[in-house]
Amino acid sequence: MTGEAIAFYILAAVTLGSAVVVVTSGNIVHSAAALVPGFLGVTGLYILLNAEFVAGIQVLIYAGAITVLILFAIMLTEGGTGLGGRQRNEQALVGATVAAAMAVLLIIVATRTGWTAGGGTLPPYTPGAIGQSFLRQNILVFEGTSIVLLVSLMGAIMTARRED
Amino acid sequence: MGWISDVLRAIVGTIIIFSAVAFIAVMFGVLLERKISAWMQSRLGPKHVGPQGLLQTLADTIKLLQKENIVPARADKVIFASAVIVVPLAALLDYVVIPFGTTRSGPLIFRDLNIGVLYFAATSSLVVVGILMAGWGSNNKYALLGGMRSAAQMVTYEIPMGLALVTVALVAGSLSTVTIVNGQARLWYIVTQPVAFLVFLVAATAEVNRVPFDLVEAESELVAGYFSEYSGMRFALFQLGEYGEMFAMAAMAVTLFLGGWRGPVLPPVVWFVVKLYALIFVFMWVRWTYPRFRIDQMLNFSWKILIPVSVLNLVVTAFFAVVAHR
Amino acid sequence: MTQAAWIIPLLPLAAFVLITAAGPRLPGRGAYVSIAGIVLAGIAGLVVLGEVIGGARADVTYTWAVLGAKPITVGFVVDPLSAIMLAMVGVVASLITIYSVGYMAGDPHYPRFFAYLSLFQFSMLFLILADNFLFIYAGWELVGLCSYLLIGFWFERPAAARAALKAFITTRVGDFSMMIGILIIFLHTGSLRFDEVFKSIQGGALAGPLLTAAAVLVFGGAVGKSAQVPLHVWLPDAMEGPTPVSALIHAATMVAAGVYLVARTYPLFLFSPNHAALTVVAYIGGITALIAATMGVVEDDIKRVLAYSTISQLGYMMLGLGVLGYTAGMFHLITHAFFKALLFLGAGSVIHGVATNNIKQMGGLAKLMPWTAWTFIAATLALTGIPPFAGFFSKDQVLAAAFAHDRVLWALGAAGAFLTSLYMGRLIWYTFAGTYRGGDPHGQAHAAGHAPGRPHESPAVMVVPLAILAVFAVFLGWAGAESLGNPFEKFIHFPGIEPVAPNFGLLVVSIAIAVAGWAAAAAIYVWRIVPSESLRQAAPWAYTLLVRRYFVDDFYAWVFLGLGGAVMRFAGLFDRYVVDGLVNLIGWLARQLGLGLRYVQTGREETYLLLVFLGVVVIVVVRLVW
Amino acid sequence: MPGLTHYLVVSALLFSLGLFAVVTRRNTVAILMGVELMLNAANINLVAFNKYAAPGAMQGQIFALIVITLAACEAAVGLALVLAAYRTLETVYVDEINLMKW
C-alpha cells in the first residue's frame, strides 16, 4: 500500500459514501449537503490524476456554485422543510436492480477490457497549457460552450422570473 | 514517494495554520476590532484582562469553551453540527496558497500551486455552503433568512472577485501566487490595476459579510443571522471562520496588489504582516464608518456596477496585454 | 480602365442599392443617382471602347469554386465585341434614363422605377462582360428578372401583370433550353470559360450532332430572349411596360442579348457539322424577320407596331449571324439599338402628348410636336434602310451576306424589308400626317399624369435625348460604309470569315425594295389608290390571320390550357386518389399503431430512462454471454 | 498503485448511484443531483483516460472542463424550471407535474 493507494481508497470511499447518502437520504437537504464531500472527493481523485486545474474548477463550480444553487432551489421550493413526504417512486426496486446490474456490467467491462496504455510522458497540465489547448485545438468547442452558457443564462432568467 | 511528504506537510501545515491563525490572527483580530471601534467611538475598549486588555479574547475563548452547546429542539442536528466544521475549514483552506514571505530556501508558502488564485476562489466559495447549512439547520426563520441573504450575496460578489483575480492573473501571466508576487518586483499591481484592486476590496468586504454588506447578520433585523442559534464553542468556530476569511482576503489582496512580502530593509514576513494589518485596519475603518446596504442595493451594486466595471477592466487589460506581447 | 472594366457594372448596382435603401430621400427621388450611375458607366464604357480600338484587351479570371476536380473560374472579358456593346448600352441607357425623368414624372412609384432601371443596367453590363457561361447565364436571368419587374411596373393593371408573367414564362422556356445546352458543354469540355470551351471544341472534345444540339439548345435561350419565332409572343405584350422600358429593354439592349449570345459563342455554331446550327439560326431569323413584319402591318397600337418591328429586326440580326455575316449582324445590332431606342422614345413622347396608343386617334402631330416628329422620321428612315441613314448600311450588309449564302434567306429578308417600309410608312402617315383625330372621350390616359387635351411637345429632358439619338441614327451607319473602308468591319470581325464583297447591284435592289415599300404605304394610306379597307375586304382571311397573329397565341393557349389542362386534371385525380390515398393509408396505419402503443407511454422520464438502461443491460449481457 | 481500472470502477459505481437517483427519486431537485453524480462519474473517466490512455494529449481534461461548464448550465436551467414549475403547480414531484398528460 503506497501513499497514493491509501489516498485513492480514502477519496473513493468519501466520494462513494457521500454519493450513497445523496441517493438514499430521505431528507433532501441532507442529500444536497452530502454532495459537497462527494464533489470534494472527486476533486481529490482529479488531483491524484494530475488534473489540478480541473480540480480547482470542480471545487469552484460544483462544490461552490452548483451545490449552493441546489440548496437554494430546495429552500425556495420546499418552504425550508425538506421533508415533503415520499421521496421514492414505485419503481424503486426495479431501478435498484437495473442500477446494480449496470454497475456490475460496467465493472466487468472495465476490468475485462485490456486498456492500452498510451505512450508519452505526462505533460504539466498547467492552466496555461489548458488555455492554449482551448484556444488553439478546441476553439470551436470553446466558442460553442460560450454560446450554450449565454443561452442557458438567458433561459434561466426568463424561466425563473416572475411574470408581472 | 515524494508526494507523501507533501501530503504530510500540507496536513501539518494546515494544523499549524489552524493554531496560528486561531491564536494569533483571529484573537488578535477580534481584539483589534474592539480596540479600533472603541477608538473611533472615543471609548477605551477592553482594558482589564491582561495589560491593556490584551488577553481579553483569550478569556472570552475560555468562557465560550466552557459554555453549554445548545441545539434547538427541532433543528436538523446533522446539518447543524456539520455547518460549524465547513465554515472555518473553508476559511483555513484559503491559507494554503498565500505566500507569507521568503526564506533562504524559497517562498514561505504551504503549496505553491500552479492554480493558486483559482484555488483561492474555489475554497473561499465553499463558505457559502456552510452558511446555508447553518441557516437551514437551525430551523429558525432569522437564521434561514440570514443564510439565504448570505448565499445570494456571496454568490453575487464571487463574480467580480473572480474577475479581479483573473485580471491580475492575466497581468502576471500566471495563476501561481508566488509568480504574481514576483511579478511585482518593480511595480505593485495596485498601480497598474487600481480598478481591480478596488473591485477586489469591495467584493472581499461583501464576501466576509462585513459592513456595509453585513445585512446577513444585521442585528436589528435578523438577530445574528445564520448563527443566531449557535452558542459556546460552535459560536467561537463561526467567529474563527469569519475572521479567518477576512484575514485570508486581506492576505490575498496584499499578495495580488500590494507586492506580497516585498519591501525594503525589513524582513519579508514583517512587510507582509504590516501590509496585512494595514488592510485589516481599512476593513475595520470601513466597518465603523459606513451604514448598511439594503438587499436590493447590495445586489444591484454587484450586478450593475461591479461586474460591468470589472469585465470592462478585464477586457481593457487583456487588450493591453496582447498589445504588449506584440 | 480596360483592366478595371469590372467596375462598370458595379456603378449602376451601387445606384440600385442606394435607391433601394434611401429611395425618395435621394436627390431627384433617386433619378439623379440612377443617372449618375449609368452616365459614369457609359463614359467608362466609351473610354474602354477607345482603349480597345487602340488595341487593349483584358481577360481576368478568378477561381470561384472547384467542382470535383474541375475548377469553375469566373471573370470578365474585354474584347471588341464586349467593348462595343458596353459603349452602346452605356450611351443608350444613359439617354433613356435621362428621358425617363420627364416621362415618369408624377408617377407614385418613381424611385422604384429608377431602382429597377439601375438593376437592369447592372445586369446587362454584367452579362456583356461575362467571360464564361456561368456569368452570362446569371446575367441572362437577371435581365429576365428586371424585364419581368419593369413590364409589370404598373402591376395594378391586370394587363401589365399578365404581360410580365407571360414574358417571364415564355423566356423561361428558352432559358431552360440554354441551361441544358450549357450543361452539355460543361459535361464534355469540363470548362465554362468561353476561350477554353472553344479551344476544346476545336480539339474535338465536343463534335458532331451533339455539338449541333448543344449549339441549338444555347440558341434556344437566344430565341426566347430575342423573341424569335416561335417564342416571339411575349414581346408585343411586353409593351404594357413604361415606354422607356420598352425602349431600353425591349428594343435596344436585353432583346439584343440573344444576338450577343450567339455572337459571343459563335465558334460553337461555326464548328457544328455543315454549319447546321448556323442554318437553324439563319432560318429562324429569316422567318422571324418576315412574319413579324407582316403582323406589324395590321397593328394599331404604336408601341406594338414598333415591337413587331423589333422582332423583325432581331430576325435580321440572327439572319446575318446565320449566314456567316458576323460583322453584319453585330453592326445591325448596334445601329438598330440606336434608331429603335429613338423610335420608342419618340413613340413615348407621342403617347405623352396625346395620351393614347392608338395610331388611328393620332394624326397631324408633325406640326404639333415637331422635334418628336422629325427625329421619329429620321429613325424611321434609318429603320427602313433609306440611304444614307444608319439602317441602310447595316441591313444592306445583312442582305448581302444572305444573298451570298442562300437565296431563299435573301428572299425572306427582302420581303421583310419591303413590309418594314410598308408598316413604318403606315405608322408615319397615321401619326404625323393629316389632321389630329384624337381628343375623343374614349382615349384613355395611358400613364399617370398625362393630361388629355391638345397634344403638345414634350419637355426638354425628353426631347434632348431624342435629338442625340437622332444624330446616331443618321450618321452611325457611316461606321460601316464600304466607301470609307468599313471601319466597323476592321474592328469587329470573326477570324476566318471573309467579308462579303460589296455587290452594287444588290445595293440598288435593296434600296428599290425599301422605296417600293414606302410607295406602297403611300399608295394605300395617303393617295388611297387602294384603300386599306378594300384590301381588308379582298382577303378577310389574311387580315384575320394577321390580326390574330397567326394564331400562335391561341395555339399556345390551346396546347397549354386545353391539352395541358386535361393532363393536369388527370394528374390531379391521380394525386387525389392514389398519392393522397397512400399518404392517408400510411397515416391511418400510424394512427392505429399509436392508439395501440399509447398504453406503453407513461409520460414519465424515469420510466423511459429505466427502460433505456434495462435495454443497455440486456444488450451488454447478451453480448457478454455470447 | 491505483491504475486506470480503479478509477473506472469508482466511476462505474458513482454512475450507477446517480442513475439510481435519477430513476427512483420523485423530487426534481434530487433527480438533478443524480444527474450531477453521473456527470461527475463521466468526468472521472475522461480525466483518468487522459492520464493513463493518452498522457500526451489534453483532450480528456478539456472535455471534463466542458462537461463541468455544461453541468453548470444544466443546473441553472433545470433549477429555474423547477422554480417555475413549483410556482405554477406548487409541487416539485415529477409524478405530480402532469398537466400536459392525457
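Letters A, B, C and D name the chains as they come in the text, with residue numbers starting at 1 for each one.
Keep this in mind: contacts are C-beta pairs under 8 Å (C-beta built on N, C-alpha and C of every residue); 3 or more make two chains touch, one makes a residue touch a chain.
Small disclaimer: the values here were computed from a predicted structure and weren't measured.
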{"item": "Remotest chain, chain C as reference, centres from CA atoms", "value": "B"}
{"item": "Pair sharing more residue contacts (C-beta pairs) when A-B is set against C-D", "value": "A-B"}
{"item": "Centre-to-centre distance between chain B and chain A (centres being mean Cα positions), rounded to whole Å", "value": "27"}
{"item": "Whole-Å separation of chain centres (CA-atom averages), chain C against chain D", "value": "67"}
{"item": "Approximate Å spacing (C-alpha centroids) for the pair chain A, chain D", "value": "6"}
{"item": "Interchain centroid distance [CA atoms averaged], chain B/chain C, Å", "value": "83"}
{"item": "In chain C, residues with contacts to at least two other chains", "value": "606, 610, 613"}
{"item": "Multi-chain contact residues (two or more partners), chain B", "value": "none"}
{"item": "Per-residue multi-chain contacts in chain D, two or more chains", "value": "19, 23-25, 95"}
{"item": "Full enumeration of touching chain pairs", "value": "A-B, A-C, A-D, C-D"}
{"item": "Complex contact set, residues of chain A against chain D", "value": "2, 4-5, 8-9, 12, 15-16, 19-20, 22-23, 28, 31-32, 35, 38-39, 42, 45-46, 48-51, 53-54, 57-58, 61-62, 65-66, 69-70, 72-74, 76-78, 84, 86-89, 91-92, 95-96, 98-100, 102-103, 106-107, 110-111, 115-123, 125, 129-130, 133-134, 137-138, 141, 145, 148-149, 152-153, 155-157, 159-160, 162"}
{"item": "Complex contacts: residues of chain A adjacent to chain C", "value": "89, 91, 94-95, 98-99, 101-102, 105, 108-109"}
{"item": "Residue ranges of chain C in contact with chain A within the complex", "value": "606-607, 610, 613-614, 616-617, 620-621, 624"}
{"item": "Chain D residues touching chain C - in the complex, by the definition given at the top", "value": "19, 22-25, 31, 94-95, 98, 100-102"}
{"item": "Contact footprint of chain A on chain B as seen in their complex", "value": "1, 3-4, 7, 76, 78-79, 82, 86, 113-115, 118-119, 121-123, 125-126, 128-129, 132-133, 136, 144, 148, 151, 155, 158, 173-175"}
